[in-house]
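Each of the next two complexes has chain A plus one more chain, namely chain B in the first and chain C in the second.
Entry: the complex of A and B
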């Protein structure tokens, strides 16, 4: 009984600490500026869609949203197309390369983004592709391919070797064993890996901020609102904060299942 | 064999002709090398020239940019801030993870545990820009919710983000809020994978629950904890997005880490690309060295 009560208290306190900042922002995104600046924080107010309407009507937000969708979509697509077969080949066909490639892929993560961004500005300017979606996609591919390989390798290691061997005895080619046997078994774990990768590139600010001035992404737009003019438009900032965070939140359930599967399989 | 196989596809033929492994590994690795080598070499080449957005043309200047670092006090400040940031956020996140992980493991069971895990991974999914703006709004001395409890007891609002003494820690709280809570879920999942019998036996030997975990389960989880520390150390280096959104390095240069200073120098205000490149080379060397050594070490420690 005592333990049950203690557990309940901890649940409530933790849920509050975790969720309150997000919920407060969500609530405030429906407030007018007058309701935001009240001396005593208010829970009762006339909700308004105005902040969201204003945000979505801002040309830079529309532009940033389009760019984010295209840039993240393309780099994730390339990352999947190249990263998933590579992860599989490392597990089944080239295990002698596995630890070296994994270390190389991880070492790309050591590279500070600013150390990549500065030379890329010069290189892309020389090539005449600076400040384009193409150059941003190319740069993000570095992140998507390496992350998908890194998380894809454990996903394929969980596939039982026997069913693959049985399939190749049936006359399946190596490609067919991959596509028709290994891939379907690994797909639940791979989806988690791909969503993780999506969250990383969707959330990225520094490289987009450095490499673009016209073709900026949504995080760049959201970050720029705070430097606008003298009066900080908190209603609009709250609304854009929520909009930016919405896509990653949609996948929270799938990512949780991925974590559960990952730790169950590891032991 | 392919021709006889009714399942063979044109794509499949190509794969088996060139060799599946070569085709699957060649292009991605080639692209990774192609995209990671030029910026590394480019940064080195730039660091030995004097490229600037202010003046056209540039020339070879040898080690001048690196010599300038020795006397650049703003750079020394940035190095110090980066180091403090690494230590505070890595230690903070892992400490929160271990404490909360054990606490939840011991006190919350069943459905409530699933709900709490779902809530705890929410902050890490937030874009850094969103997390930064959410907390900047809460910290705001004018309308932030954080001033309200203090105001009730008559304490004037604290401007956490605009005081040099508190700003870095106020930002670090947000980082730990994101990573510490996420790692707490990982910690909990790890504890769940431990075999029950050594824990049960230890409960007889040690008086307190915390003793059981300190002496039994944490040592059993050492490899995973070391990986956790390592991952956080790498991720903490990516502090730019959060700090840029919350303080932009301010007040003054109180929260200016090395990547922020390099950004401001090369891209933000001054456009001194070569000097910024030299700084990023320094950052690259420091982090690659540190993490390569740490990674090899952690592989050994984990065995």
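Entry: the complex of A and C
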């Protein structure tokens, strides 16, 4: 198919509009404050690591990074441990429940996060676990388990039933069939599902903002930079934004591959 | 090695009954083909033997032991699937070795047996490949290797050749036959292809709508079909079937000016006025000068199809179109009139009302 010149122009304009802020953030994160606030933007400047050093030296950032790693790691771990077998069980053992369960699971994601957060604050306060990593992990598990189930079901549906039957005729138990046949065949799609879930919880701001004041996560810290004092620390904001975006960025290629597979399978 | 006994097999899917109390006995080492159109219940029956479908009613015994509640992994059965069902994440080698690994067979022994099996199936060069790098025929060979290597008690084949092109199908059919002659493992093979059934089977089970229509050797089902359904299903070109009525003298069949005289033994089973269907294989319609001692009928040649050594002729006899298969040297020109005769030993009679063969038992002895 030949694209006209007009189409090419639109693509370039859109790409520029989308990527330029990201690029500018990246550049600014290596600039001194003087270079950032200068009225005439500079493209040639003396790069500095100072912003990154400052960000990483900030206690709240260290604290937030630790919290984010623990909270996201644990909730993702629980999500995989429960979500993957649940998706398999739905596909193979309760197909009649599949559409209802999937809708329920998806409907958890329809709700505005704040609507979830307020009742949770009440419950967690009553239980005496409000503003702990544990309560945040518990809340995030809702997201991780439901998202992994939702994306795991099509992953297991792609596994031909016959190969599982063949394995069971070769003497393997149901669990062994799951572990040695279904899981390895579904794993490329499942990895995509897990990474996608990771990005969702890693970037989550609203629930974390509502549920924590001491045990905040990295997005909360990054958001708080914008409201610090009179002089806006642009360099630090830019550096922390890049740091925050880095882990999801590293996975983006893998996720793109996953989405390709997902949509190609749907057609 | 195993015998299989199936007693009153019933399969119920909600209100739908897919199998109606089917009985079947399979001898040790026998090659049995379940044959029928799609939806006749043949695959369901196979999957019930494998333990992949629940048995709604009846008993399955292998070597005399009831198997209904034994899970498929403990039945010592190997199955080859229509779509091969190879493990896509494993190489051909690992696909074949997978079952032995479960049995904790020693590594060198696994290697020896995999290579031996691969040799037998001409797969040696492909063992390192993943299934998607193999052609359909090679994939099905790997699937057969995977089934063979465990030396199971029973082999099940679920339409294993129907996804292959004609040449490959023929090749693999021969290989299946050779393997069975070599291993002598009790085998149940499902197909809708009557030629496959005829060439492979020791015993054919013709099925229709969840019922068994006939169980017999390929010769029996070909020469002495138990019903009109079997007569239509088996044989290519198909058997000629003519609706007729028994004449008042009880010795002749008549329809549309066509009169066929029966031998007295055959006529004894009929009563005057009875409506019957006369069946005759295209090969048993002869040119009159080659067949002595029977009535001759004038027929017009409508169409001839040269098929090699033989020629298929479509002829019109009165208002009936018949197909005959003659030696190519005896073929007649389209439009010409020829004299034909019905070979008496080829006549098959079916009750028009029930569709069942009349006196098929006596004829099957002839066959």
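Throughout what follows, the second predicted complex is superposed on the first by the 252 of 267 C-alpha atoms of A that agree within 3 Å, B and C clash if a C-alpha of one lies under 4 Å from a C-alpha of the other, contacts with A are read in each partner's own complex, and residues count from 1 in each chain.
Just so we're on the same page, contacts are C-beta pairs under 8 Å (C-beta built on N, C-alpha and C of every residue); 3 or more make two chains touch, one makes a residue touch a chain.
Computed from a predicted structure; not experimentally measured.
A.B. asks: After lining both complexes up on chain A, report clash or fit for chain B versus chain C.
C.D. replies: Overlaying the two structures gives chain B and chain C room side by side.
A.B. asks: Determine, under the contact definition given at the top, whether A:62 touches first (chain B), second (chain C), both, or neither.
C.D. replies: Neither partner.
A.B. asks: Can you pull out the angle centred on chain A between the C-alpha centres of chain B and chain C, to the nearest 10°?
C.D. replies: In the superposed model, the angle at chain A is 90 degrees.
A.B. asks: Looking at A:162, would you say it contacts chain B, chain C, both, or neither? Reply first, second, both or neither.
C.D. replies: In the superposition, A:162 touches chain C alone.
A.B. asks: Have a look at where A:125 lands relative to chain B and chain C in the superposition and call it first, second, both or neither.
C.D. replies: neither
A.B. asks: Between chain C and chain B, which one touches more residues of chain A when both complexes sit on the common chain A?
C.D. replies: Between chain B and chain C, the winner on chain A residue contacts is B.
A.B. asks: Figure out whether A:181 sits in contact with chain B (first) or chain C (second), or with both, or with neither.
C.D. replies: second
A.B. asks: A:172 contacts which: chain B (first), chain C (second), both, neither?
C.D. replies: both
A.B. asks: Does the superposition put A:213 against chain B (first), chain C (second), both, or neither?
C.D. replies: It touches nothing on chain B or chain C.
A.B. asks: Once the shared chain is lined up, is A:42 touching chain B (first), chain C (second), both, or neither of them?
C.D. replies: Neither partner.
A.B. asks: Rounded to the nearest angstrom, what is the minimum C-alpha distance from chain B to chain C in the superposition?
C.D. replies: Chain B and chain C, overlaid via chain A, are at closest 6 Å apart by C-alpha.
A.B. asks: Do chain B and chain C touch any of the same residues on chain A, and if so, which?
C.D. replies: 171-173, 176
A.B. asks: Which residues of chain C touch chain A once you look at their complex with the stated criterion?
C.D. replies: Interface residues on the chain C side: 50-52, 71-75, 77-79, 81, 83, 85-89, 98-99, 102-103, 146, 150.
A.B. asks: Show which residues of chain A lie in contact with chain C when the two form their complex.
C.D. replies: Residues 160, 162-163, 165-173, 176, 181, 184-185.
A.B. asks: Quick check on the complex: what are the chain A residues that touch chain B?
C.D. replies: Residues of chain A touching chain B: 3, 6-8, 10-11, 14-15, 17-19, 21-22, 24-25, 28, 36-37, 40-41, 82-83, 85-86, 88-90, 93-94, 97, 101, 103-123, 138-139, 141-142, 145-146, 149, 171-176, 178-180, 199, 202-206, 209-210, 219, 222-223, 226, 234, 237-238, 240-242, 244-245, 248-249, 251-253, 255-256, 259-260, 263-264, 266-267.
A.B. asks: Under the touch definition given earlier, write down the residues of chain B that touch chain A in their complex.
C.D. replies: 1-2, 5, 7-8, 11-12, 15-16, 20-21, 23-25, 27-29, 31-32, 35-36, 38-43, 46, 51, 100, 103-104, 107-109, 112, 115-123, 125-130, 132-138, 140, 142-143, 145, 148, 177, 181, 185-186, 189-190, 192-193, 234, 237-238, 240-241, 244-245, 258-259, 262-263, 266-267, 273, 276-277, 280-281, 283-284, 287-288, 291-292, 295
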